[in-house]
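In the two complexes that follow, subunit A is the common piece, with subunit B as its partner first and subunit C second.
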Partner chain A sequence: MLALDLLFNGLIIGVFYSLMAIGLSLIFGILKVVNFAHGEFYMVGAYAYTLAAIMLGLSPWLALPFAFIIGAMVGLVVERLLMRPLYAGYASWGLMRDEYAVIITFGLSMLLINLVDKIVGPYAFKGPALIGVSRLYIGPIVISGHRLIAAITAVGVITVIMLVVRYSLWGRQIQAVAQNRFGASLAGINPAKASAVVFALAGGLAAMSGALLANIFNPTPDVGVFPAIKSYVIVVLGGMGSVPGGIIASLILGVLESFGSVYISYQYRDTFGLVILIIFLLFRPQGLFGQKSREV
Partner chain B sequence: MMMRFGIFAFAATLFAGQALAADPVKIGVTVAQSPPGSVSQGTQVKNAIEVATQIVNDAGGVLGRPIELVVEDTQGIPEKARAAAEKLITRDKVVAIIGEHQSSNVLAAMEVAHRLHVPYINTNGWTDAIREKGYVEVFNPANYNSRVAVAMADTFKALGAKRVVAFCENTDYGIGLAKLLGDQLKERTQGIDYKFETLDRASKDFLPALLPLKANPPDVVVEIMLPPAAYILLNQLYEQGIAPSPKTWLYDASGLADYPDFWQNVSDAAKSMLVFGLYHPKMAAPALGKKIADEYKAKTKNDPSRLLFQAADSLFIVTEAIKSAKSAEPDAIIKAMEELKWTGTRGEVTFSKEKGGFKYHQWIDIPYVTFQVTAVKQNIADTKLVQDPGKPLDTSRLVKPQ
Partner chain C sequence: MRDFVDSRSRSKVELWASLGIFVVVAVIPAFVSNEYWLGVVIVSMYFALLAIGWNLLAGYTGQFSLAPATFGMLGAYTTGLLAYDLGSTARTGIPAAIIVAGAIGFVLARIVMRLRGPYLALTTLSFAEIVRLVISNSIEITRGDLGLNVPTFVEGRVTYYYLMLIVLLAVQLGLYILLRSPAGLYLRAIRDDEIAAACRGVNIVRWKTYAFTISAAISGLAGALYGHFAQLVSPELGLISQTGIIISMVVIGGLGTLVGPIGGAFLVYIASELLRDFGGYQLVVFALLVIIFGRFFREGLWGLLRAGFERVLARRVVQPVD
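After this line comes the complex of A and B, so read on.
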């Protein structure tokens, strides 16, 4: 029974990880840079959801899309103001684009944490529950109604995002730009627009993840730091830029942490992912779904 | 000409003397004002010290000089607490440091105070290790882990517990108290099975550590953590039906229930919880305690908490020592504090001079109670006092969790 409990909890946590990691993976896929402010998109979503519900009196079900929109808008603004110099006419920046991305996203992360700290305050804010059932019994498993509904909602959102990226016109444009930015532009696709869409989507997804977890993890301004670290691990494990790889890696990490905490030690919970990461980097650096590549 | 010069020189000396007399006495305050430290605690401490300072200054200050606070944000990080102490002493020239509310930070900052020989008042560092260092500069009007451990062991014995599980944060305070509880249970009770699990205070999901308890719940679950991690732990314990439950008592060793953001973050999870309390409105309070409580409430619109009294006492102890020594020099203040016998906000404060152990420079007889939260969003004043100061737990007053 304990094993079932751990499996269930691990899968649910994995679903939340994947919601967060998909955005990061998409950004890496299309821009080939790591966004160190991704955890703060998550934090913005958690606060947007909680404050919209508590202060504006919005229903939690309306606060969810509100958080998504706020996250998407933050993503869009970040792309337009901070990321666009990476690929919009700043040819001489090509050599130091990685450094630029690291510095600018780190700075943005600090800025967002401190802004929320000063404007909203440093106190923890528990978000409202999506349903008012504190405990649900599924056979031997006990789970809060909110946790279950949040996980189901997350699965729904992930499914929709997968379908959009795979089959919609925008999704195909994103895939094309991810494969070959220059080639896509020759085919009439606007890479800048595709990048903007990806950033908005990534911001919205991370914000949605934060919103869904606001009732469980009582957000504070630094709430995004840990999920962001997990997301970096997941993106590498899944294969840089691979959305399905990211989802599978998230579920594996969630379950691994859950079982490892009990059967090895809770003390090492956050190291399991890093150990797996090192093993992958040694023996399969391209990750689960990544492809081996070589620049010539 | 000479006479004019003489008058001018006399006037200049007089005014310079007056300016010197009006120079403020600077006292350093280190608190967490941003995460990952407990900002909730830091804000209460800072507000309380400001209220106490106002009271002192309104009464004419000390030695005819006003008190000026120099506040530093430590973020609850020991390295920052250490740097803050260094800055306060060397650059701001404070006569004493007060306010720290996290044990790890006290342990870091007191090394600086010891090296530079400046009085350091530990406002809320509970770990015994602070006292065991035996530093002459460090005084402890704060509660201490040994006292909580003894209180808990006696309480669990009175509850008839056979199995106790504690969850502590990965700090000097958390691990220290969890270990001491084990020692006290061994010493004061027979046959209580005890274990503790250390949790990362930056973590958010504690379920994997809690799930193994579902199959065989203990008689008591003890929470030894600070917010916000403590709130998450309480919610997840409740969500899984582990504690509080008809089988399992939930015991809060950290005094969470009087935090201003407590009920915003914890709802049903805290109902029936037993709380180790250093303050309860039903406790008898000295006149200074009532005065500071009223002024704190007027300033912050929050109900008084234990931290209010601890923080206010920290400031008053320094000012009383300066008054009694008639000097703001470190040695004079330290000597005066060692001889102090003064009624503060919680009772008569004296510091033990017994060296070697947790008693050194400790106010030994800090009053405490145990109370039970019996309803959601309950004010502390309405909670049920199940143990009066200096008395054993009255089990007949307990309300069994449903």
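After this line comes the complex of A and C, so read on.
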């Protein structure tokens, strides 16, 4: 029965991972850069949720959308101020756009971590639980009530986002820009707007996953570092820019870590994903589900 | 051809500027006898070495590795483990650190040879985290997060100070010679356009590997020297935030210039010690500076200074005559 328990818990962790990774994947799809400040979107969300609940006395169910909105706003501001040069072409970096993105997002990550450290303080807060039930028994599986509810919420959010990206007008504009920025602009789509939507969505989703996990991993200024590294592994495993691939990869990584920490080594549980990342980048850079692309 | 001459005279100016910084650093002990502040300058020299190493890779070859602090940590652990287990001295420990860090850098360079941009950054970041996790979890060998005690090898802080300065000077001169040689042009050609460089006959694989190896070896040297100075080697040396500090030093000082990383390292580290008494906002300020410089002034403070000088000179030379 241990195996069933591990599988279930791994899948639940995977759901949270995928909430985080979808945004990263969308950003890569549309701008072809990796956002190294993604963990800090998560951190901002975790704090927004916890502080709204503790200080403003908001109910956790209202604090969740609040965290999403704060994260989306951060994403929007970042896109407008720092990411525009990537496609508007007026940065001093010329052709070195990858390098520009690495430096800017790395600096942004440092800025957000230290800003929160100074304003809120380095101490951990305990995020409120969404539900008071501490233990639920589903057949042979034991799980905390909060974890289950949070996972169900996350699945709901992911479903909505998937549908929006796939079928709505904005979503299809995003897809078009991701496929061919120039072609999309010829068809009357505004790539700048699509990028802004993607960043707002990515910020909001990462913040949401921070909020949902605030009860499990108490927010500290550097709480986002590890979720960010997990989501890098996931986008590589699932294929850079592929959202469905990212979701499947998240579930695979969650289950793998869950089993690996019991059957292989608990101390090295965080290294499994990193080894997978390196192996995939070297031998299958398009990931499990990504398509080989060619330059146009 | 004109650019070639121009880049040579530029690097000469940059070398002189960095020598000027060294002269200032060399006379500091004549005025400051406070052990603590001498220690601060020594640590900034450690960061300057790391920054030089990363700048060779990122600024001159265009390979944005996110593992400079890791190679420093590997160097520190090499000499630390040799001293701890075998009782060896720094005389064998430091060369061993250079060789081990360089060798690991060589192997990593071979592995990541085909990766560029975000892929390279992600791979080196994972490498950095794996190494750090392995070192901090191999408790029976490395004593984990407790760290290793490493003996010092010279008497007195001032001696150490000048030792670091001499090493820094030697590395800087070596780099200057390297960058003035055809190798320097090959590296910059790879940075600017890899495919064009290959078409003109530059052996990309070879020069990228060399740059990676030399950069790793410099970082290893820095880490080993730091380990003997601090007399403690711990996995904290390899944290991502350490890499962040190194990157911010180079970006603020001036990426792809000879003097930038050195000026940036002294400026950032000493200023952060000074600012520590004023609410500790130093890291916020530096992160903000990284974003501003990265966004608007790619060549950092040095680029701004040079642009200012050039404007003044141009005004003096070009006098319109009616």
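Going forward, the second predicted complex is superposed on the first by the 285 of 296 C-alpha atoms of A that agree within 3 Å, B and C clash if a C-alpha of one lies under 4 Å from a C-alpha of the other, contacts with A are read in each partner's own complex, and residues count from 1 in each chain.
Quick note on the criterion: a residue touches a chain if its C-beta (ideal position, glycine included) is under 8 Å from a C-beta of that chain, and two chains touch if they have at least 3 such contacts.
Values in this document were obtained by computation on a predicted structure and should not be read as measured data.
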- Tell me which partner A:K126 touches in the superposition: subunit B (first), subunit C (second), both or neither. first
- Item | Partner chain(s) touched by A:V142 [first = subunit B, second = subunit C, both, neither] | first
- Please indicate which partner A:T220 is in contact with in the superposed arrangement: first for subunit B, second for subunit C, both, or neither. first
- What is the contact status of A:V275 with respect to subunit B (first) and subunit C (second): first, second, both, or neither? second
- Query: Where does A:E257 make contact in the superposed view: on subunit B (first), on subunit C (second), on both, or on neither?
  - Reply: first
- Query: Thinking of the overlay built on chain A, is A:R181 touched by subunit B (first), by subunit C (second), by both, or by neither?
  - Reply: neither
- Task: Scan A:Q267 for contacts with subunit B and subunit C and give back first, second, both or neither.
- Result: both
- Message: Let me test your reading of the model: by the given contact rule, A:D5 touches which partner, first (subunit B), second (subunit C), both or neither?
- Response: first
- Query: Which parts of subunit A are touched by subunit B and by subunit C alike?
  - Reply: 114, 117, 222, 225, 267, 270
- Residue numbers on subunit A that touch subunit B, as the complex places them: 1-2, 5-6, 9, 13, 114, 117, 121-126, 134-135, 142-144, 147, 213, 216-218, 220-223, 225-226, 257-259, 261-262, 266-267, 269-270
- Sites on subunit A touched by subunit C in the complex: 28, 32-34, 36, 82, 85, 91-93, 95-96, 98-104, 106-111, 113-115, 117-118, 222, 225, 229, 232-233, 236, 267-268, 270-271, 274-275, 277-278, 281-282, 285
- Query: Which part of subunit C faces subunit A closely enough to touch in the complex?
  - Reply: 58, 62, 64, 66, 111-112, 114-119, 121-123, 125-127, 129-130, 133-134, 137, 192-193, 240-241, 244, 247-248, 251, 279-281, 283-284, 286-288, 290-291, 294-298
- Message: So in the complex, the part of subunit B that touches subunit A is made up of which residues?
- Response: 33-36, 39-40, 43, 197-200, 202-205, 207-209, 211-212, 214-215, 227-228, 231-232, 235, 238-241, 260-261, 264-266, 268
